[in-house]
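Note that the chains take the letters A, B and C in the order they are written out, and that residue 1 is the start of every chain.
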Amino acid sequence: MGLLLFTPALAVIALLFILPVAYEIVISLYRSRVYEASDPFVGWENYRRLLRGGDFPESLGNTLWWTVGSLIGQGLIGVFLAVLLMRNLPGRGAIRTLLLSTWIMPGVVVGAIWRWMFDPIAGVLNALLAGVGLPECDFLGRVDTALASCIATNIWRGVPFWLLMVSARLQAVPQEFYDAAAVDGASGWRRFAHITLPQIRNIVLLCAMLSFIWTFNAFDLIYALTRGGPDIATTTIPMLIYESGIRNGHFGEAAAMSIVFLVLMAAAIAVFVRTSLSRQEEV
Amino acid sequence: MKRQAGVVCVLLLLAAGTVCPAAAAAPDGAQARPRIRITYATPITQSDLFERGEKQVLTRFMAENPDVEVVARQIPFDNYDMQVLLAARAGRPPDVGRVNHSTVQTWAGAGYLVELDDFVARSTVIDPNDYWPGFWNICRIRGKLYAVPLGTDCRVLLCHVGLFRQAGVRPPRTWNELVEAARKIHRPHEKVYGIAFPTNNEWSATYDVIGNFLVANGGRIIDDDGTRGTIASDPRAAEAFRFVCELVTVHKVCPPGMANLGGDVIESLFVNGRLGMMVSGPWVRAGLHRLRPDFEWKIHYDMVPIPAGPATGRSGSSQGGWLIGVFQGSPHREAALRLLEYFSRPESFALMAGAENLPPRRAAMSLGPFQDPFYQVFFEQLPNARPPVALVPQLPNVARAIQRAYQRVVAGGAGVDETLAWLENELTNHLLR
Amino acid sequence: MTRNALRAVGSFYLPVAIIGLPMLFPLYWLLATALKTPGEAFAIPPTWYPHDATIAGFRSVFSDGVFAQAIRTSLLVAGATAVFSVLVALCGGYALARLVFPLRRTGATTLLFTQLFPAAAILIPLYLFWSRVGLHSSRTALIITYLAQAVPVATWLMKSYIETIPIEMEQQAWIDGASRFRAFLHVVLPLAGPAVGATGMLAFVGAWNEFVFALTLTGTDPRMKTLPVAMVDFIGQHGIEWDRLMAAAVVATVPAVVLFFAAQRFFVQGLTAGAVKA
């Protein structure tokens, strides 16, 4: 019965996972380039190329910074806003809707707008800085600030997701819990720490996992902001895969990168699922 | 409970209502007689550019060829190559479409384009001798012709009349004069800058920054075989690279943010009298007009050829442009070839003048819009123009590496010599393998 | 001001404003730029509000009907994705949360694995697949692809939310003689209201914003373009049509925001009203 209910989801897995993985594994063993007529079998050559260095290691580092930084920023702000907006004060619905509305723009457009806002000459952020007397900054053009700026943009972009998910969970927490705690004399902070936090723990973990995966994989935002520059300060692994596979047409190398990437992430996910599934009662 | 059931019902109805039309194949409007339907792929997605340019050619073609219907597939420029490549790989390419001069090698190598030698030999419209020879040869890969030129471009130097007069300088004709002029105009505390180049996409460093001076100086980044990088070992190429970097690092005549500067910001600086010089192509007029409709050539800005390189004493410029080709696997090759030929008429090039390009053949230079003296300096510059880098299949990789090298110096503070060495090594040992 | 009001301001409105206003600023900037002329939009330094407000950008965006059609298409595609993914997720999520069945752990893990691939890696095999099936340029292919992207996450979310509903409540219903399905309908579903809303919104937004597959699978047919594809049309080789792009971005937000507001009131508040009485 359970399996039956689960079947549609399984079909999805087949389409979106097994098919591409099989394809990628096969292609990664060939020197397959779009402009070369033949695809000779080269075995592990594509993988060896990765290990020889080049851009892969630094991109991995960038990707980790990008992911972890975005995650922490989005999570903190999102949870904070969600908790704050639980109080049923006038205007709450409208405020929440407004805050969610920044979510509804494609990455390309968000990137174009933020790139312009960051611009050292015509950008509004620098105008703001100048207005309060701070020195202006070439956010996206300097090696030391480019990645941080991209992360800031991604935090802005991802907060609505956290806001929505945590709000939905908090909505189902019975008000009695809080009332009882208030009767017992618990302060706001204690109510938060002992009631709210445990209730949202699971959803926060899930959102963190999902956010981690999605941010790791995303590159449309960075691409629109900096094209991976300056130099490779903001180049992440998905961008390498895109550049290699789609822009340059080096299918074999891109496939090898995808598989290595996949293996790295799969381990993390397996651990998460193990902990998440084991701690719940089976009925 | 009833409310919830109601909600669910409404949603299911909505879903059913939306999916059914989506699933049904969109039927074609019934045609009176069967017409051959061919698709034409183009990267022009802005509606007014398209209306003023290719759409007119297509309409006239269909009027003269009532048995053919042409459907345009407009694909955004940043995704154009990828989409056509995917379609070709899946066996569903457009019948005929634009090919970027930088991609023709790749697509020909992949077998996506049809050889055109026989067709061109028989054609009365396409006269190979009438085309700019350099650009015609781009269409030849391993001795065979895979596309014909559709439009070309080159870059010139724009000088702001007001700022030049104020600083008491004339439009430069040599690199030293350029530095001089920029220095005199540059007043950063007043937010007035000497010269700027666009650098916000992966091609701009190659075409809009280094390329012009590279060609003017006769330098080569890659050897003609396409197997080795020569930017460090070729002194002319190194000199050009050093020159553009030093504009930022040594002479300091550029605005901040040169590692990631957008073309629209540059245009805005220019029309607002905050930038002395900029480099751009025939598309610049429309861009400047959009920002300030009264900003006119000859009154507010001047255009001169790129200053002559010290090694050659001659001007030079990056040349780019588009070709048109017929794709393998097209079921209507004959109609596609007809369209390709129609596009190659001088009158067609005159119709497409609004679409940011220069005509690739001389017969069109004296037609209609191209009689506008605005184009004069571009026609002067064209004979000196060539693609800045040898058109190897790995060109996107190469362009990206050049961008990285420029950014290393300009944004990362690396030295020019070490960067040149890095770039040459990168090209020879990694990218061109 | 009363003490309560002061406390409300201090503990609610003030923090919300401190965090919310910077977050909303880009939205304001978007709107302001959409109302400026291109020349003023790029004024150096930038102006804080439009000095010469104009709706020319909006007018030109709608001039050829492609954009309006794109709004309809996006609503259709995103809406279908939201509805179907919620339905599938309810089934799968309940199964994962409450039932034991073979392949449970593997299935759950693999669901998350589907999120691992960047679009760039999946694009080619997926396009080849749809091409072979003959649906390479259709909204159906797009909806199914979006479903494939949304369902795994939606299922996990549902599982997570359903797990927080105390099993005792369902057990109570069983004891009272209800079948598992009726218990689900009467006990679980009302309490899962916020979850349904959130999951639906997530699926909707995912499909609404998605670009790469939309571009590839709808073949840039003007009748089938989604909003992101229509918006990117304004980004050309030699420049961006900022006035149109900004106007388009503003207009594109409106239908989705309206839907959000409705969904919020309905699901997040409506279904749970009075449902929880321990």
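Everything below uses one rule, namely that a contact is a pair of C-beta atoms (placed from the backbone, for glycine too) under 8 Å apart; a residue touches a chain by one contact, two chains touch by 3 or more.
The model shown is predicted, which means the values in this text are computed figures rather than measured ones.
The minimum number of touch steps separating chain B from chain C is 1. Across the structure, the highest number of inter-chain C-beta contacts is found for A-C. Among the remaining chains, the Cα-based centre furthest from that of chain A is the centre of B. Once the centre of each chain is set as its mean CA position, chain B and chain C turn out to be 36 Å apart.
For the pair chain A and chain C, the distance between mean C-alpha positions equals 15 Å. Put simply, the C-alpha centre of chain A and that of chain B have 34 angstrom between them. Residue numbers of chain A whose C-beta contacts span two or more other chains: 116, 121-122, 246. Those residues of chain C in touch with two or more other chains are numbered 42-44, 123-124, 232, 235, 240, 242.
The set of chain B residues touching two or more other chains comprises 89, 191, 265, 268-269.
By the touch criterion given at the top, residues 38-39, 42-44, 63-64, 66, 76-77, 79-80, 83-84, 123-124, 127-128, 131-132, 136, 138-140, 143, 186, 189-190, 215-216, 219-220, 223-224, 229, 232-242, 266, 270-271 of chain C touch chain B in their complex. The touching residues of chain A, when paired with chain C in their complex, are 1-3, 5-6, 8-10, 12-13, 15-17, 19-21, 23-24, 77, 80-81, 84-85, 87, 89, 93-109, 112-114, 116-117, 121-124, 127, 130, 156, 159, 161, 164-165, 167-169, 171-172, 174, 176, 188, 199, 202-203, 206, 209-210, 213-214, 217-220, 238, 241-242, 245-246, 251, 254-255, 258, 261-262, 265-266, 269-270, 272-274, 277, 280-283.
Of all the residues in chain B, the ones that touch chain A in their complex are 81-82, 85, 89, 105-107, 109-111, 191, 200-202, 255-262, 265, 268-269, 393-394, 396-397, 400, 403-404, 407-408, 410-412, 430.
Contact residues on chain B toward chain C in their complex (touch as defined above): 1, 3-4, 7, 11-12, 14-15, 18-19, 21-23, 25-26, 43-47, 49, 73-79, 83, 86, 89-92, 191, 263-265, 267-269, 271-272, 274, 281, 283, 287, 290-292, 356.
For chain A in complex with chain B, the residues that touch the partner chain are 33-37, 54, 115-116, 119-122, 136, 138, 140-143, 226-232, 243, 246-249.
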